[in-house]
Amino acid sequence: MTSGIIPAASPPGLEREHGTALLRMMLLIRRFEEKAAELYGAGKIRGFLHLYIGEEAVATGVMQALTPDDNIVATYREHGHALARGVPAGPIMAEMFGRVNGCSRGRGGSMHLFDVSRRFFGGFAIVGGGLPIAVGLALADRMLGRAAITACFFGDGAVAEGAFHESLNLAALWRLPVLFLCENNLYAMGTALARHQAETDIAAKGAAYGVPSSAVDGMDVLAVEAAARTAADAVRREGRPHLLELRTYRFRAHSMYDPDLYRTRDEIETWKRRDPILLLQARMAEPGMLGREQLAALEREVEREVADAVTFADAGQLEPVSELLTHLHAAAAP
Amino acid sequence: MRTTYREAARAALREALRTDPRVFLMGEDVGRYGGAYAVSRGLLEEFGPDRVRDTPLSESAFVGAGIGAALGGMRPIVEVMTVNFSLLALDQIVNNAATLRHMSGGQLGVPLVIRMATGAGRQLAAQHSHSLECWYAHVPGIRVVAPATLEDARGMLPTALRSPDPVVIFEHASLYPVEGDLADGAGAVDLERAVVRRPGRDLTLITYGGSLGKALAAAETLAREGVEAEVVDLRVLRPLDLPAIVGSVQRTHRAIIVDEGWRTGGLAGEISACITERAFYELDAPVERVCTAEVPIPYAKQLEDAALPQVDTIVAACRAIMGRP
Amino acid sequence: MTERRLEEFRMPSLGADMAAGRLVQWLKAPGDRLARGDVVAEVDTDKGVIAVEVFTEGVLAKILVEPDEKVPVGTPLALIERGEGAPAEPVVPPPPAGAPAVRERVRVSPLARRLAAELGVDLATVPGTGPGGAITREDVEAAARARPARPAPTEPAEERHARMRQAIAAAMARSKREIPHYYLSTRIDLGRAMEWLAGRNRDRPPAERLLAGALQLKAVALALREFPDLNAWWVDGRAVAQPGIHPGVAVSLRGGGLVVPAVHDADRLGLDALMRAMHDLVARARAGALRSSELSDGTITVTSLGERGVDAVFGIIYPPQVAIVGFGRVVERPAVVDGAVVARPVVTATLSGDHRASDGHRGGLFLARVEQLLQEPERL
C-alpha cells in the first residue's frame, strides 16, 4: 500500500483508432476552452471561468476506465470532464451563456454542469464538498446491489479540507467503491502545495487511511488511462476505495481574473514542453498512425464542433424570469 | 395508548425501516449505543448494521454521504446529535442539499431527512443547548419542521420520507421523556400547516417545538385572569404557514411570538415582520417577542432558567400587551 | 440655523380628467403641525368630495384659498413651512409648559386608526386606554357610539350627478381619442375557485364571507407582478411602469355615475384583507369619503359587471392607465371533463390594452396567467 508513480514507459501498445479518439477529445477540450476564454472577453460568458487547459489528459484518460453506469463527481474546473464524459459541447456552452438550453438550464454556469442522464453529478464549487457526496453515491450503489463505482475528482487544494480526510476514512471503513482522483496541479488557487501541506505526497495520505493509493504522470494520457483502468478495476474487484494522484499542471491562470503572480514564466514554459496534446501527437507521428493531413482534418472537425456549440448556445433562450422559483422543490410551485 | 415522545419517534423510525427497503438510519451512536437520546434503541438488533449505521464523528462526511445516497436512489435518515454539532455539516446542507435541484435545473433531487436534537433546559451549557432552527429556516430549498407533540413526533417522519426534497426535523431534547396519549392508528401528518392548539379571542401566542408547552401553560394562567390567549403551534418553520398566523391575528388583533432562539435576526423577528406586512391594520398593539436572552446558554441552573422563555415571562408579556398591570 | 423654507401646497390633480376643484373646508389651521399623509382639506371635484392629504412634514403657515373658492389644478392653496429637526426660529425660547405649540403625536393602534377612518371618528377627541395611553379598537368603537352622524353634502343631487357625468364623458372621450385599444377575452373555468370559496365561507357569518370578486382581483394583482407593462401609466409619450400594484375598482354610485378608487398594494393583501378593503372602498365611495390618493393612485382598472348579468366587459381605459380588466358573471356552461359533459362555472375575463404600451401577445400571456392563478385559489 505504498505510494509510487507508474512509469510513463509502461502504457500498452497504441492502436491508431483509440489514439485518434483520445487526441480528438483532448483537442476538443482545448479548443472549446480557448473559445470560452475568447467569449469571456467578449462578455458572452460571465461569472467565474476556470480553464482546464494543460490538464486535458487527466479527464480524457480517466473516462476511458469508466462505464456508463458509473457515477462522476467533479469540481468547478469541469468542462473537460463533462466533455470527456460525453456531455455535448452545445449544452455546456449554452450553460456558460446562461441559456435555458444549457445543461443546467443556465442556473449553474461554468462551475455547475450537470447531466444526470450520463450520471454526471456535477461541478461542486466548495473545495472538497464533492467527496462526501461521492461516498454517498457509492453507498447507495452498494446498498442497492449495483456494480457501479463512483469516480470523484478533486484538486490538491481539497487535500487540506476536513472533508477529504473524513471521506477517505468513511469510504475505507465501509468499503465503498469510490475511485478518488486527485488532480494535483501543484497550486491551490495561488498557494503552492509545499506552502499548504506538511506532507506533499498525496498518495501517502490515502495510504494512511487504508486506501490503496498510487500516482501517475498526468500529462501522459496513455499512462493516465492505464493507471485509471488498473485502479478502477481494483475498486470493482475489491469493492473498496482507491486513490489515484494525477500529477498535472494548468497552463492558464486559476480563473480569468488572475494575474498569475505566484508562478514563474520559466516554470510554466517548462511544463508546456510536456503539453499532453503534443506528447500524444508525437506518439501518433509514427508511420501508419496519424498523418499530417489527418491531423489537420481532425483539427477542422473539432473547430466545427466548437463553432456548432457556440451557434447552439447563441440560439438558446433566456429562461423567463417567471420561472425563477421553479425547481426549488419538486412540486413546480414556490 | 400511553407513550412518550421518544417512543413515538422510535415507532416512526421502525415503521420507516420496515416498510421501505431504501430507508436507512445513520449517525453518531445510533446503533450500538442506541442513540444519544435513546431514540433508536433496539433498531440495530432489529434491522442490522447495514441499515442502522454507526458513523465516525465526521458530520460533514456522513451528512454529505446522506445527500449522495439520496441522489443515488436511497431514502436516508441522518441523525445529527445536536444542532450545535450540525454546524460541522452546514456546508453540505446549505451548499449541496438545498441547492442541487435548483442549480441542476431540476435534474437532481435530494430526498434526505436530517433529524437533530435542539434546545436548552438540561444544564448542558453553551455547546449543546442552542436553538439554531432559524439558520436552517433561512435557507430556500429545504423544509424545516419542529414536532412539538407526540402525534407530530410519530407522524412527521413518514411524510418527510415521502418528500422528494430535503427535510430537517428538529426535536427539542426536553420533549423526549414527555408522556401522553397517542392514538393506536397514529400515522403520517402534513408538513404544511400551523395548528391552533388552543383557541382564544384576546391575543395570539405563536410558538413551536419546546416552547409550546410553556405557551399553553401561560394561556391557562391567563384564562384565570379573564384573558383568552390563542396558541398557534407553527410546526413548520420553513415555509411558514402565513395564512394561519395572519388568520389568528385577524381574530385576536394582538400577537406575541415565543421563540427559544435568540431575538436578533431570529424567527420571531421574521414572523413579526410578516404580521406587520400582512395584518398591520388588524393590530391593536405592537407585536411582542419572548426570546432567549442574548448570551451563550450558561450551565448554572438559575442562569439557564433566566436566559430562556418561561411561563411567567410569557404571562407578563401577555399582561403588558393587554394593558394590564 | 435652519432656513425657513416655505413650500406651496397646491390643488392636487386627482385624475387625468380633473381641471379644477372647489375647496370645501380646511381641516387644519395655521400653526398646526402636518405629518406626511395628514388630511388637511376637503376638495369638491366632479367626482365628489375628496379628502386631500399632504406629502411633506412641516407646519401650516398660511392659507391662500378660502372655503367655497373654485381654483384650477396647481393653484397654491396654502403655504407649509418645512422644518427638519430644529424649529424655524431657534433664538426664540420654547413656549411655556401648558401651552405647547406642537401637539404630541397621538398613540393609536393601526386597527384603531383604520376603524376611526371608516367610522369617521376624530382621533383627537378619543381618550386612549391601551398600553402607554394608546387608542385601541375599543376606544374608537366607544367614541363612535357616542357621537352624532356625519352631515351629508349640501349640493343638490341632480347637479352633482350632471357634473360627474360630464367628467366621465371628458375622460372617456379623451381615452377613445388618444388610446389605440386592443381587446382580448378568455373564458376561465372557476370550478376549483368556487368550490374552494364555498368551503371557506361555510362557517362564516355573511359579513366575513369572501366573494369571487376578491379572488379575481387578487389574481389580477399577482399576475401584474409579471406584467409591469400593463401596470403602468402613459406619461409624456411613454409607458412608465408603476412601482406598486394599486388596481382601481370601479364602483357604481347610487343615483348614477361611478368612481374608481384604488386598492393599494393589492398583490400584498391577504384575501380577507382584500375583501375588507373592497367593502370599505365601496362604502366610502358611496358616502363621498374617499381619500385623494385612492382616486389618483390607480395603476390599472378592474371592473366586474357580473352582478348586472353581463357576460363580458369591453372597457375603456382610464388615462393615464394603460389597461382595464373586466369580469362578467359566473355562469354554468357545459365542459368536457374526463370524456363526459358536465356543467362547470365559468367567467369571461377581458382585457382592454393600450397598444402603445403592450400588445395582444403580452395581453394574452397576462390573461393566461390570471387563469392559471385562479386554478389554485388556496394560493391566492
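Per-chain numbering from 1; labels A, B and C assigned in written order.
By our rule, a contact is a pair of C-beta atoms (placed from the backbone, for glycine too) under 8 Å apart; a residue touches a chain by one contact, two chains touch by 3 or more.
All figures in this text were calculated on a predicted structure; none of them were measured in a lab.
> When you take the mean of every protein CA atom shown, which chain's own CA mean is nearest to it?
Taking the mean of all protein C-alpha atoms as reference, the closest chain is B.
> Highest contact-pair count belongs to which two chains?
Most contacting pair of chains: A-B.
> Centre to centre, by mean C-alpha position, how many angstrom separate chain A and chain C?
That gives a centre separation of 60 Å.
> From the mean C-alpha coordinate of chain A to that of chain B, what's the distance rounded to whole Å?
Chain centres of chain A and chain B, defined by C-alpha means, are spaced 41 Å apart.
> Could you work out how far the Cα centre of chain B sits from that of chain C, in whole Å?
Here the centre of chain C sits 42 Å away from the centre of chain B.
> Across the complex, what residues on chain B touch chain A?
Chain B reaches chain A through residues 22, 24, 50, 53, 55-56, 58, 60-74, 76, 91-92, 95-96, 100-109, 140-141, 143, 163-165.
> Give the list of chain A residues in touch with chain B in this complex.
Residues 71, 102-108, 112, 114-116, 121-122, 124, 126, 129, 131-141, 143-144, 162-163, 166-167, 169-170, 173-174, 326-330.
> Using the touch definition from the top, list the residues of chain C that touch chain B in their complex.
Touching chain B from chain C are residues 109-114, 129-131, 134, 136-137, 268-270, 272-273.
> Using the touch definition from the top, list the residues of chain B that touch chain C in their complex.
Listed in rising order, the residues are 243, 246-247, 250, 253, 277-285, 320-323.
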